[in-house]
Amino acid sequence: MSWLGPEEWQAVALSLKVSFWATLVALPLGTLTAYVLARHSFPGKQALNALVHLPLIMPPVVTGYLLLLTFGTRGALGSFLQEWGLVFAFRWTGAALAAGVMAFPLMVRAIRLSIEAVDPKLEQAAATLGASRLWVFVTVTLPLILPGILAGTVLAFAKAMGEFGATITFVSNIPGETRTLPTAIYGFLQVPGGEGAALRLVVISVVIAVGALLLSEFLAHRAARRVAGA
Amino acid sequence: MSWLGPEEWQAVALSLKVSFWATLVALPLGTLTAYVLARHSFPGKQALNALVHLPLIMPPVVTGYLLLLTFGTRGALGSFLQEWGLVFAFRWTGAALAAGVMAFPLMVRAIRLSIEAVDPKLEQAAATLGASRLWVFVTVTLPLILPGILAGTVLAFAKAMGEFGATITFVSNIPGETRTLPTAIYGFLQVPGGEGAALRLVVISVVIAVGALLLSEFLAHRAARRVAGA
Amino acid sequence: QITVFAAASLKESLEQIAASYERQTSDQVRLSMAGSSTLARQIEQGAPADIYLSANPDWMDWLQDRGLIDAATRVDLLRNRLVLIAPTRPRIKGLDFGDGRIAMALVDAVPAGIYGKAALETLGEWPALQSRVVQTDNVRAALALVALGEAPRGIVYQTDALAEPRVQVLAEFPADSHPPIIYPAAIVAGRDSPASQRFMAYLLSDQARAIFGAAGFAVMQADR
Amino acid sequence: MSLSVRLSHRLPDFDLDIRFDAPPGLTVLFGQSGSGKTTVVNAVSGLLRPDSGRISVENRVLVDTENRVWLPPHRRKLGYIFQEGRLFPHLTVKQNLLYGRWFARAGGPAEDPDKVIDLLGIGALLDRRPGSLSGGEKQRVAIGRALLAHPQLILADEPLSALDEPRKAELMPYFERLRDEFTIPILYVSHSATEVARLATTVIAIDRGRVRHQGPAAEVLGDPGFRPQGSRSIGAILQAKVARHHDDGLTELDAGGASLFLPHIARDPGQPVRVRITAHDVVLATTEPVGLSALNILSGTVRDIRTGDGPGAIVSVDTRAGRILARVTRRSITALNLSVGQPCYAVIKSVAVAPEDIGKG
Amino acid sequence: MSLSVRLSHRLPDFDLDIRFDAPPGLTVLFGQSGSGKTTVVNAVSGLLRPDSGRISVENRVLVDTENRVWLPPHRRKLGYIFQEGRLFPHLTVKQNLLYGRWFARAGGPAEDPDKVIDLLGIGALLDRRPGSLSGGEKQRVAIGRALLAHPQLILADEPLSALDEPRKAELMPYFERLRDEFTIPILYVSHSATEVARLATTVIAIDRGRVRHQGPAAEVLGDPGFRPQGSRSIGAILQAKVARHHDDGLTELDAGGASLFLPHIARDPGQPVRVRITAHDVVLATTEPVGLSALNILSGTVRDIRTGDGPGAIVSVDTRAGRILARVTRRSITALNLSVGQPCYAVIKSVAVAPEDIGKG
């Protein structure tokens, strides 16, 4: 498309990369967290639950600031992880982290709701047939919560595509490294006459996210039809 | 608490009011939308689905801007509604609208997942006992999706408490009218030395939202225990 | 009652001014603080603003072009200066860009960033420094990056640098290295009332100037 | 005809094409697992929309695809006892039971809930929720829920299969009462020959989606050629009247002039009863037996002898009480030299007639 | 003892306190709805953690609260047929059937899936998902799933209740084979006297959470004082050997020297069988009857006469074949002047012995 400059394409590509990785890494963690919250009770459970929801509650800037304090080069965890070669500050990885953190509560909620809807009697049946807890999860729980996983994934992906406040606060806006679609859009909106360019980018990001949404609907529909038994 | 000035208390009260109304109005609409998306298929269904997700996908500033264009005093819908005495622009009602719109996809997703998990056989059983479609919904579906409704409500409320970008873009940051907690936090972060005050407000908003979260967990837990049969 | 839409960076000073103004008159002042662009668009959409106070002339021009402000009332209220900052330790002096990241506001979008980029271009440093620049959505975030030590250098307004004890000012950019940093104010079209005029006048009063000055702004002469 | 069903519907791998007309009373759908019984019931209930067909109950047309008539399930005035319970998990047992009443409609028997609860033995469960009930308890609540909905048509899909014998024996008279006193049409799916024999007015035997036998219960069950459920279900149904109750606990019946002694039947003298005499419980004798513990010895004439591949044979004997079927071995036929037209005696023990096999006339 | 259960557990409104020891073979839990059968089975399976107790199977301790032993369900090597199916809705029938194999353990009979599928008649359903199966089809898949899991202990909670008689008749020999050939301990819940009589090695009758009767099947079922399921379940179990197959389709059994003629039994001469003669199928005679279609007439001596409140009585007769119970009316006892010690004849029709009531010895 000729109406997008190379810088914009770069932002599109970066946003895709960031959202993809944010979603991918959040998925197993989110599933685990959702499972633990849905099926276990332990001291500190509600604290974990609140922690997961924090990014939703706080203004994104605050979340970004806290990420900066924690995962920045001077941050407690950041300096520790840096020794392991894992750098977030001013890197696209940091953008992915911010997007992942912001998307996490949405993902966990969706998956948790699905897990709570699984009939424990089926899991018990699997156990009597010799499946250990892990196998029960993999062969029974997981396939049954597929709709929730899909919903959580698409919510997280959409959120990651749209995340702006925490990302720019945490990793700034470096073209080619952390300049995602939303920060580019924000930039265009700050200058008079930038609306046109902003609109183009909004359309692109909507098209991508809606595409992901439709794909997830299609997959969920297929899974549901199979379970209903056709 | 003496460490909050009257302006801050005003912001707290306003945020509560805005979030409460945003959630309250979104609830029936969100439930209806979720039901339609979960149980019906019609042309344009995926368009509706995409529309619901838009606020999640687009950067909040864009959503706020679109709200401004649509519901502002000069906006197409805004000027129409104004004749009916419904003014959103630069009013707390507008803040509630922005918060509601931003929270809507989260609420719809949660409720929809729950509806999809309800066994249609139970709804059929209710129909054979004489319940019309509406009654089936009220007496069977609704009580069974209570966990989803609670999850959707608390997600929406938390999101509304934290919503900033769309709100400030749509209704500005007018004390007593549209200055919610997040916009107040933003204001403090824009001036030197405001971090302390910002932090206090963050703590308040976290306390409120976590309180709502714990309440919802407690209610969901009770509902679940009752269904499991004690 | 009058409503003032003002750039968020003016929050503290304006709140003090409004307070003292309210003490002196029976008028009530409401301050709505947000980004200049946000406010300008809201005024375009009929926001109930009486006075607009922008952090840069561009958005004021944008409104003026659309006839949305009362051009006759427009004044350049304040000036600011651009400085290079670093964390307080180690102590350095001079226009030393060091190595590592340089935190700035968005160089194509946010005024502080635009001015900063212009200054660096004038000084011929931009090509060399460009790749080291990290951009934030507002100048306060750039300041925070330096204060936290995440970025070893930053370019911010003097007003911001003065109030942050964790940073030191290395140098001030020459005033001619960038377009003048001007905060214009004007009464919104159709909002011209005795009350708006009274407050506009108060903004230019000595009392107000003293408050702005204490915050680090350079006060313009009311010569237009 | 009270219940008229024309139904054709295709499912992947299964093809249903059913037509039957049943008079008022209880119609049993009989057939092996997977033969399409539940599918038929679902079509009558409106939960399944058949590809084509017409179903009417006492002149109410429930569905008629040709004339585009479609009554939605909630307007069919049903009491549907599902094969799998389907209790509402969020409601207490009591709320489940009274659910149908909330939508109470005119007509249909207004059963007293306390009586039904008592009959089903679920009085202690009222405040519980279905999640913690045992299998049979769930089944009983499901029965109660359907019966208390003021139904004008009862659909019962294997309602008693999860229950123990004494409980079954308690519930069968209840269905008889619905059939006889309230004259509600009942469509009843069952695998049990006892239930069929006792309750059925009409039997519809289906097999792989098609009706194989249909007719009055006495006819279908008395037909020696009908044995879809194993030979045990063959038997004759005799119409009789209560003649007298004896002090030793026996009830004397008058069956077409012949006396039959059975264990006490709780019905007043003069009332009609019907008695199922299963063929394998009848002993034949060529000379009048003496010194036997069996109290009922009916003289008659051999009407028909049918032998199959097996060692057994079905002998029909016409007696004053009606036609009686006896299942004997071919060896006995040879030994006794039985032939059509020959006089003989049918020996029936009083106690061999199971209490479940005695029903209201 | 193969299966040893000591169990006490409190539920709201229900208090379970069960202790029994069962020898190898098939142990039937018998009792009315809500008596605690499923709760016991769940404790054995590990799905319920009892408040206190000890359960062991063939010296494997599954749980011992005192010594803090707890084997989780997936290590108990079970094949649990649930009362309510519990098929995996996301897997095909085939995947459901083979689920247990994925976790295949050493030991337990490695049944050929094709054979089990064939026996259950579910070959045509393999690619379907449980959602679209009929009630009985689901039940059959659930049985197959448990049997194919290489179990070392089978728990069957009313496995046959949703099935029709012919299918039941086909499946019962299969459980016999598991019991006899593979010697897998089986804990089996049933409401059906036929199943109990045919399959049970040991009967545990429970009532409101307590064991009321326990012992070998022949003993418990032959005890005239035991009639929890209505009088039909009383009967004697005779041990016999196949003597000969006759051309006319009858099989002659040798029961302690006496001959019994029954419809063909598919077992080789010399093999042991056990036959349940229900008390209400036996006719007593004081003089040797002649000209009767009944082929089996055993002479013996009245051992015991028990009368109750009803019109009936149970007469125990010692014959060469073993003790036989006869249910007759008190009127007959008076008429025949029966008394203890008196010689008499027990008349048993060949065909009165239901095929379901004949099992492997």
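Labels A, B, C, D and E are assigned to the chains in the order they are written; within every chain, residues are numbered from 1.
In this text, a contact is a pair of C-beta atoms (placed from the backbone, for glycine too) under 8 Å apart; a residue touches a chain by one contact, two chains touch by 3 or more.
None of these values were measured; they are calculated from a predicted model.
Trainee: If we look at chain B and chain D, which chains touch each of them?
Mentor: none
Trainee: Report the chain whose CA-based centre is farthest from the CA-based centre of chain A.
Mentor: Checked the centroid distances; the maximum from chain A is D.
Trainee: What whole-Å value do you get for the distance between chain B and chain E if each is reduced to the mean of its CA atoms?
Mentor: 60
Trainee: Between chain B and chain C, tell me the centre distance in angstrom, where each centre is the average of that chain's C-alpha atoms.
Mentor: Those two chain centres are 34 Å apart.
Trainee: Taking each chain's centre as its mean C-alpha position, how far apart are chain C and chain D in Å?
Mentor: So the centroids are 91 Å from each other.
Trainee: If you average the CA atoms of chain D and of chain E, how many Å lie between those two points?
Mentor: Each chain's C-alpha centroid was found; their separation is 26 Å.
Trainee: Quick check: what residues of chain D touch more than one other chain, meaning two or more?
Mentor: Answer for chain D, listing residues that touch two or more other chains: 12, 84, 128, 132.
Trainee: Hey, what residues on chain B touch two or more of the other chains?
Mentor: 61, 65, 186, 189, 230
Trainee: Once the touch criterion is applied, which pairs of chains come out as touching?
Mentor: Pairs flagged as touching, ordered by label: A-B, A-C, A-E, B-C, B-D, D-E.
Trainee: In the complex of these two chains, what residues of chain C are touching chain B?
Mentor: Listed in rising order, the residues are 3, 5, 8-9, 11-12, 30-34, 38-39, 41-42, 45-48, 138, 140, 159-160, 162-164.
Trainee: Which part of chain A faces chain B closely enough to touch in the complex?
Mentor: Its residues touching chain B are 46, 49-50, 53-54, 56-62, 105-106, 109-110, 112-114, 116-117, 147-148, 151, 155, 158-159, 161-162, 164-165, 181-182, 185-186, 189, 198, 202, 205-206, 209-210, 213-214, 217, 224.
Trainee: Touching residues of chain D toward chain B in the complex: what are they?
Mentor: 45-47, 72-80, 82, 84, 86, 88-91, 99-100, 102-105, 128-133, 145-146, 149, 155
Trainee: Which part of chain B faces chain C closely enough to touch in the complex?
Mentor: 61, 65, 68-69, 72-75, 89-90, 168-169, 172-179, 183, 186-194
Trainee: Quick one: in the complex, what on chain B touches chain D?
Mentor: So the residues of chain B touching chain D come out as 121-122, 124-133, 135-136, 139-140, 143-144, 223, 226-230.
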